[in-house]
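Remarks on the structure that follows.
Naming follows writing order (A, B and C), and every chain is counted from residue 1.
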Amino acid sequence: MNLEKLRIHKAHSRWLEGFFVQNPVLTRGLALPFAIVVTNNLKYGVAVSILMICSLIPCVLLSRLVGQRLPKWPMLMICALLSMVIIMMALPLVTPISAEITDTLGIYIPILSLNSIISFLCLRHRKNQPFLLALVDALTYSGGFALALCLISALRELWGANTIWGIPVTLPLKIGGLQIAFSGFLVTALLSALFRAIERCFRARIYRLSNPSAGKEGSFS
Amino acid sequence: MKLKQAAAPHIRFQESNITIMSDTILLLAVLAGMACFFYGTRALAVCGMAVISAILADAVCVLLRGRKLNPRDLSPVVTGMLIALAMPATISFKIVGAAALFAILIAKHPFGGTGHNPFNPAVAGFSFAAICWPQQVFSYPMPFEKIGMMGQFSDRLQSYVYTIGTAPSVQEIAVKLYQNPVSVLRAHALPSNDLFEMLLGNFPGPMGATNILVILTCLGYLIFRNTVRWQLPVSYLLSCMGIAYLFPRTFAGGTLSVFYEMMSGLLLFGGVFLLTDPVTSPKRESAMLFYGAFAGIITMLFRHHGFYDESLSFAILFANAFVPAIDHYDEMLCRLVRRKHLELRKAKDSQGA
Amino acid sequence: MSQIAEFLTITFIAIVFQNAVMTRGLGSSREVLLFSSNRKILWFGGLLTCYLFFSGLLSWPFYRFLRGSAIGSPRGTLYFYSITTLLCCCAVFAAMFYVTRAFLPRIHYYFRKMRVLLLLNCAVLGSILVVFRSGETILKSYNFIPASSVGYTTLVQTLGFCIGSGIGYTAALILVNEGRRRLSLSDVPKAFKGLPATLLYVGIFSLAIYGLTGHSLPT
């Protein structure tokens, strides 16, 4: 059993894990409320992603800088307050997308400051991690969040309202239920399973390339 | 000793998956025949569409998981039939297909396929269709009205349009759609339908759920064959009746309210076929009694406060989610009772000695 | 009397019709959905309910003041009181931390274990903001009792909704846990094991609740 290539692959993918392998929403299951409720329109997905990118990066950097000198929960409080302030300041970035966007998103804008991606990354980079890795993680995790939200919201808008970014598309069936929040759970679950299956196939392929003698089912699971 | 490993449901009686399913299919076929009598070939076409899409989706899922196809597994047929019979005859084929696909692809196979689904797939599929296309799912044609096999629901007219004749002399005919008595009850009024006609199934409603007498016979058959334990449907129907009697939705008093509530909508059909699915019902008989009563209360609560005309399918989904909890606590209770019983006997024995 | 009726009604609505997890997805993250024992869930839910109750109690005066003085547009007011509510939540959290450490060591043990999940749980801030933003509409839209209109959310409504949200959250987690126990015995495909199957379970349950309410909820 030759696991050399798998190990190399794993070490390499550590830098970009947030995009796909450890996608914060679809694989790690962080910040689910935003993926579930506000994704009935691609515009909302993009707006929430922008706010998330703006707030996540400074928070992670802050926790990297001051994390060692503070206990866990005061640091998380400071991060939450900081991200709330940043989100309020970044609002003008998303209002051009759609005029009523802040009314529709409602409470989901302020509570974006309390999400589990922030807590996960801040606790992870509190101590003894390279500064560059913290920055890259913040970037890739917010990118992964944006990817997941855009996928979910595009799917839901396309089949639920037969439009994409407000532009009508002709499809044989309009499934109105996809606009209601429950389908956010279902679409997230299905995409999450899809991501996992793809990831498993990918790793199995690398394993088989370096172990040609292994049987088709192999010992890999 | 050799132990045989088998997947759930673990049934310790004479019957097996195939006997249960074939019993149910037999009865559903009778109901489909009645639907054909009332609504013509359109009913059979809707049933066929649902069954075929369910079977295809099931086969695709089984193959995707790398398993062998099992031709003795009749559960997709039952799922398809149940979905079709709960719909009006004028439903569009796309909606029936979407409901069957939802049932198999989302409510059944992600949880492990036949015997593992925590929610009844047919109920989930029907609920999805009801929440997505409520207008089409909850408006019904009059029985014995001529419905062409290939027609369409017309949104603007709130009616059903079909064409007859061949190309040179095409004629479009619109069929008016009506509401089930359950919608009248929801508006706190008294339905004007004749009770005897309702007993025979001669009123607008879901294809398979209007033939009250036939469904009652089916219930008797299922209980007699031991396919369904009597505790579940009986406690369910009794608790529904009790609530309908105590809190009538009409001004006409308790007794009439009981008759109309029981005969309208999907209630009897749901109690006989949807609720009693062996996979999603609790395992012990005491738990079944409790679960039936609980589901009845939930059903009537949903009917009183629900948004849609008929909330029965949502109520059954809601109740299904509680089944693991009911099973767990019932098991704990049974153990407690048995232990107390043993302790008492031991105390008696030591006293006697 | 009408106050008590209002309180009980809004608590019931928050438990069933507007359940935090099942209808708004608030507070549903992987660690919370995949709790392994009912005991832990009960501790977590109890602590969360206390936290919600005191946060609601503390932040209501600020909300009332900001709403009454009408600084800026309604939207601006939402952001103002969301900041004050977040500050109040932090204050309540710190107070609970120190109080339990000093007087209630047994509770503090669990509080310490779950502090990250409690602090960064959007169910707390989310529920309080929901009731501040649309408390009266919530009460009116179900026609249980005739609601009086005062133009803002009263303290009784706030506290009722907070307690109901906490109880509903706990009940939902227990239900999910029992469902997961059942799923762990069944033959779930590899890709769906764990989070996706749980999300599907919650999603189908949520379909049932949306079938009852019938429309999207105010956000």
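A few comments on the model shown:
FYI, contacts are C-beta pairs under 8 Å (C-beta built on N, C-alpha and C of every residue); 3 or more make two chains touch, one makes a residue touch a chain.
The model shown is predicted, which means the values in this text are computed figures rather than measured ones.
For chain pairs A-B and A-C, the one joined by more C-beta pairs in contact is A-C. Relative to chain B, the most remote chain by averaged C-alpha coordinates is A. Spacing of chain B relative to chain C, judged by their CA centroids, is 33 angstrom. With each centre defined as the average position of its C-alpha atoms, the distance from chain A to chain B rounds to 39 Å. Between chain A and chain C, the centres computed from C-alpha atoms are 23 Å apart. Counting partners per residue, chain A has 180, 186, 189-190, 193 as the residues that reach two or more other chains.
Touching of two or more other chains is recorded for residues 189, 192, 196-197, 200, 204, 207, 209-210, 215 of chain C. Counting partner chains per residue, chain B shows two or more touched chains at residues 106, 110, 128, 131. Touching chain B in their complex are the following residues of chain C: 142, 174-175, 178-179, 181-183, 185-189, 192, 196-197, 200-201, 204-205, 207-215.
The touching residues of chain A, when paired with chain C in their complex, are 28-33, 36-38, 72-74, 76-77, 80-81, 84-85, 88, 91, 102-111, 113-116, 118-119, 123, 179-186, 188-190, 192-194, 196-197, 200, 221.
Interface residues of chain B facing chain C in the complex, by the touch rule stated above, are 7-8, 65, 106-107, 109-113, 115-116, 118-119, 124, 127-128, 130-131, 302, 305-308, 311, 313-315, 317-318, 321-325, 327-328.
Those residues of chain B that touch chain A in the shared complex are 94, 98, 106, 110, 128, 131-133. The touching residues of chain A, when paired with chain B in their complex, are 172-173, 175-178, 180, 186, 189-190, 193.
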